[in-house]
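Once you've had a glance at the structure underneath, I'll fire off some questions.
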Amino acid sequence: MSFIDFVEGPLYYVAATIFVFGALWRVIGIIRIGRKKDISPPKGSAALGFFKGNLRHFFPRGIFARRTWLHIVGGYGFHLGLFGVLLFAAPHVAFISDRITGFSWPTLPRWGFIITAEIAFLGLIVLWVRRFSDPVMRLISDWDDHIGTWLTFLAMLSGCFALGESSVFLRATHMLLIDIWLIYFPFGRLMHAFTFFLSRGNTGATYGRKGMNL
Amino acid sequence: MSDQSRADIAVAKFLEHTDSEAASFFEACVHCGECAEACHFYLSTGDPKYTPTYKLQPMIRAYNRDKAPFSSLKKMIGLAPSKVTEEELLEWEPLVYDSCTMCARCTLVCPMGIDIAGTIRKMREGYAAAGMVPEGLQSAAEYVEKTSSPMGVTIKALKAQIAHQEKACGIPIEVDKQGADYMAIFSSMEIMGYPEVLGAYAKLFKKAGVSWTISSVAYEATNVGVQIGSAPLAKDILQRVVDAAEALEVKHVISPECGHAYGAIRWAGPNMMGRQFKFEVVHIIELLDKLRREGKIPAGKKDGRRMTLHDPCQIIRRGGLLKEPRSLLDDSCSDFIEMKGAGMASFCCGGGGGVSANPRAEELKTAAFGLKAEQLNSVENLETVVVPCANCRTVFEDGLDAYELDLEVIGLSELVAETLAED
Amino acid sequence: MKQPLTTGRLSNTTWFARVATLMLLCALALVFATSAALANSHVRPPGDAVNVIADDGAPNTLGDRSDAEIWDDFRGGDPKDLLAPRPEGTVMTTTGQQWRVIRERFIVKYAGWFPVGVIGILALFFVVKGRMPIKGGRSGKTVPRFTLIHRIAHWTTAGVFMILGLSGLIILLGRPVILPLFGHEVNSTLTSASLQGHNLFGPLFIVCLIWMFVKFIRGNLFQLVDLKWILKLGGLFGGHVSSSQFNFGEKSWFWLLMIVGAVMSVTGLALEFPWFTEDLRWLQLSTILHGVGAITLICVSIGHIYMGTIGVEGAIDSMLIGEVDENWAKEHHDLWYEEVTGKSAKDDGNEEGAVT
């Protein structure tokens, strides 16, 4: 079995399984801990608050945006760029439609792919540089933060290297790094991708019940 | 109590109070540091240790070690975080008590919507259970056990203040009136420091034509249990009020211009007691606004002083009463100017959540007030600041002095009472 | 270091200016990108092309004319002329042969040695002179020098520059160095990867360059005190030289980076979007300037890195934590120190090595 066959084959299946089941285990585990029912007379709807909270925290509140604009620009640049590339770049759509969904969808033109990737890279670099430059970030960051950032960066970088689409080795390296990323994902802070809706929702629900939108 | 067992007690409490809500918070934090940018303690000192998420470290570690979904797996391969030690808990004690007023500005800014303020409240349960509470709060708790008041205000002292106020406003204030519409509870700070509020209530309720009373056995609103973080103590304090109110068969209990008291009785109360109350809880500002909308307390001549409003955290940001104080002020004064940054994201006075009762936190509290001073300075020629929270008022008095700002500080009820339409 | 309190450092105007600049850059990027899509429609045969097909329609590959004559018809132009445009009716041009020679015989051959030479010189310098210690040792007290945004701008630019420098060197030295050492497979993989990386990160460097310019221009304008600094050779052979926030050396690096960086940006964009010009000369010139500029920046940046890390004790603090030791400031940037602290930088104010 060649290198590419291995990373696109057995290793990928193992990685994808760990990713899916690991993430599910963690999210379900959090929900199963449970919370006591609130019996105080409500002023608003908790359910509505769950959704409102999720939407509200997408937007930096005006007074804070001035102090934290770099984090917001870098953060959104990186995330939107990454999703754009992941979901709309032709090679990815081909892989996903081939292996997962069975159907495909319109993709970005090559120049769109490049620009989106550039935004994602710049955002991620700015975020990581901020992580070791800001004294607050230095205090609160741990190994998980750095490993998560670097695994993501290397996965993206290897993808960039493989853009020529002529080297099987480069494509395989990209896939290998993705596999490693998928395996690491459920055990670290990358899981925020699936837990953020719970935390925002919980706060939204708790305060929504009190008639507030925090 | 041996060293290890204090840590064990604290950690057990941490885990007990880590429900799925707190767990979702711990699992969602990405260490982005934005919470620091919102915290007045970090902003005024520049010290990274006041980063809100950092304050939760011991509780987060305990969760990751013993309760998180992959914790057993991680323990098996030696990757679980180390046990929380008493040394660490003691190191974190000033962070948890001195540098947090549970103002929830961090909750507002967090991109993951993590309620750090609410979780500090849960974390304090571990500290209270292990007996690691700042001295100032400990003595407040002891006073409460003896006199129901954290400042040791006895019924004798209260009755003396009532008598003074009855004389001053010429309206009787009834104690222990059966079946009254409203039973009012007050913070000790109001009773001893700003007793005019008693006269203000009398005037306002007479005008509105509603009956009200004060209970001789349950007049204290401040809930030290909430500040210390002891659910059993919080419940006991509340029980007194609930029993008295239900014995008097009043229809409503009024939570005063005080910070955490409202949240304690209105939201935490029924959950602590395990049942609904036989009365409704209403905040005095809510009530005054309601009475004004109903035309029962019409406004008269407006106060002409240049005024601004301080937004107490537990009433506005965490209490939901953003509009009510403003509409009352629009009716009551002719020169009201909002401070820069007022409203939902306004700065905490720096002394709530037990900080002002903690002498060890004095310097930090004064430093934090610097941000409030900046807000006040944004209004030119300011004369008066309306502060609808008795605890904030004491912090303001010290803070204005420290920053050499010459401003009058008044409560909202008093202002509304003073600007009431003449009969 | 006291953080600014409620009022952020950005006024609404600056906030607006930043957003507007970002949007402008995005618009520019879009213009370049869409041009790529349109470029394909511009391909057409050259005018007056020589047709070797015989009149009866059958291809006449052997023909009546000699091979040399046929090739002469295809080819045109003076090989020595670097900048002449392609002659009418030719398919192959020999203009630019000179360019090719320059590139192969000078740039590719020698470029790689310059960074090696610089490293060698610095190593020698370090062995002979050693690290420049802080006069009087660390005082233990600090002065703020660079804000968080300054540091983030610097390190982001540095990271992007490293990626570009490394990938650029691989592209340049792939055939002469990597191929003979590691073989075809390795060379083609590395060069292919490097080209993709270089092309993608290139535009990011342009954004970073503008960011660096905006953040560091203040303090980098040349002053009279810089003349005195030059005359004393920066205190290289002992003696004290005064300096404001940035000394002559630092200012020179700033301006070199800005100017050469601008050249790199323009030539880089020209090479990435070659359809923007009909004229091959621009692209030929671009490759030369890009290569020379790259080696220049790489060499000087090695010096910059040396000075900022090993070379001068206490220098790295400014970029890692944003604050510098007072004694370091007094020694290296005394005028700036006085301006910022209001205290005198004279020797009698120094505290002898208070902290190990």
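As written, the chain order gives the labels A, B and C, with residue 1 at the start of each chain.
As a working rule, a contact is a pair of C-beta atoms (placed from the backbone, for glycine too) under 8 Å apart; a residue touches a chain by one contact, two chains touch by 3 or more.
This one's a predicted model, so the numbers in the text were calculated from it and none came from an experiment.
Student: Write down the pair of chains with the top C-beta contact pair count.
Tutor: That would be the chain pair A-B.
Student: State the chain with the largest centre-to-centre distance from chain C, centres being mean CA positions.
Tutor: Most remote chain from chain C, centroid-wise, comes out as B.
Student: CA centre of chain B versus CA centre of chain C: separation in Å?
Tutor: Those two chain centres are 57 Å apart.
Student: How many angstrom lie between the CA centroids of chain A and chain B, rounded to a whole number?
Tutor: Chain centres of chain A and chain B, defined by C-alpha means, are spaced 37 Å apart.
Student: Using the average of all C-alpha atoms in each chain as its centre, how far is it in Å between chain A and chain C?
Tutor: 33
Student: Where in chain B do residues touch two or more other chains at once?
Tutor: Where chain B meets two or more other chains at a single residue, that happens at 42, 341.
Student: Please list all residues of chain A that touch 2 or more other chains.
Tutor: 63, 67, 134-135, in rising order.
Student: At which residue positions does chain C touch at least two other chains?
Tutor: Only 6 qualify.
Student: If you look only at chain C, which of its residues touch chain A in the complex?
Tutor: Chain C residues touching chain A: 6, 8, 10, 15, 18, 22, 29-30, 32-34, 36-37, 148-149, 151-152, 155-156, 159-160, 185, 188-189, 192-197, 199-201, 203-204, 207, 320-322.
Student: Can you list the chain B residues touching chain A in their complex?
Tutor: 18-21, 23-25, 27-34, 36-38, 42, 48-49, 51, 53-54, 67-70, 74, 104, 107-115, 118, 266-271, 274-276, 280, 317-320, 341, 344-345
Student: Within their complex, state which residues of chain A touch chain B.
Tutor: Where chain A meets chain B, its residues are 25-26, 29-36, 38-41, 43, 53-54, 56-58, 60-64, 67-68, 71, 75, 131, 134-142, 145, 186-187, 189, 191-192, 195-196, 198-204, 206-207, 210-212, 214.
Student: Flag every residue of chain A that touches chain C in the complex, lowest number first.
Tutor: 63, 66-67, 69-70, 73, 109-112, 114-115, 117-118, 121-122, 125-126, 129-130, 132-135, 157, 160-164, 166-167, 169-170
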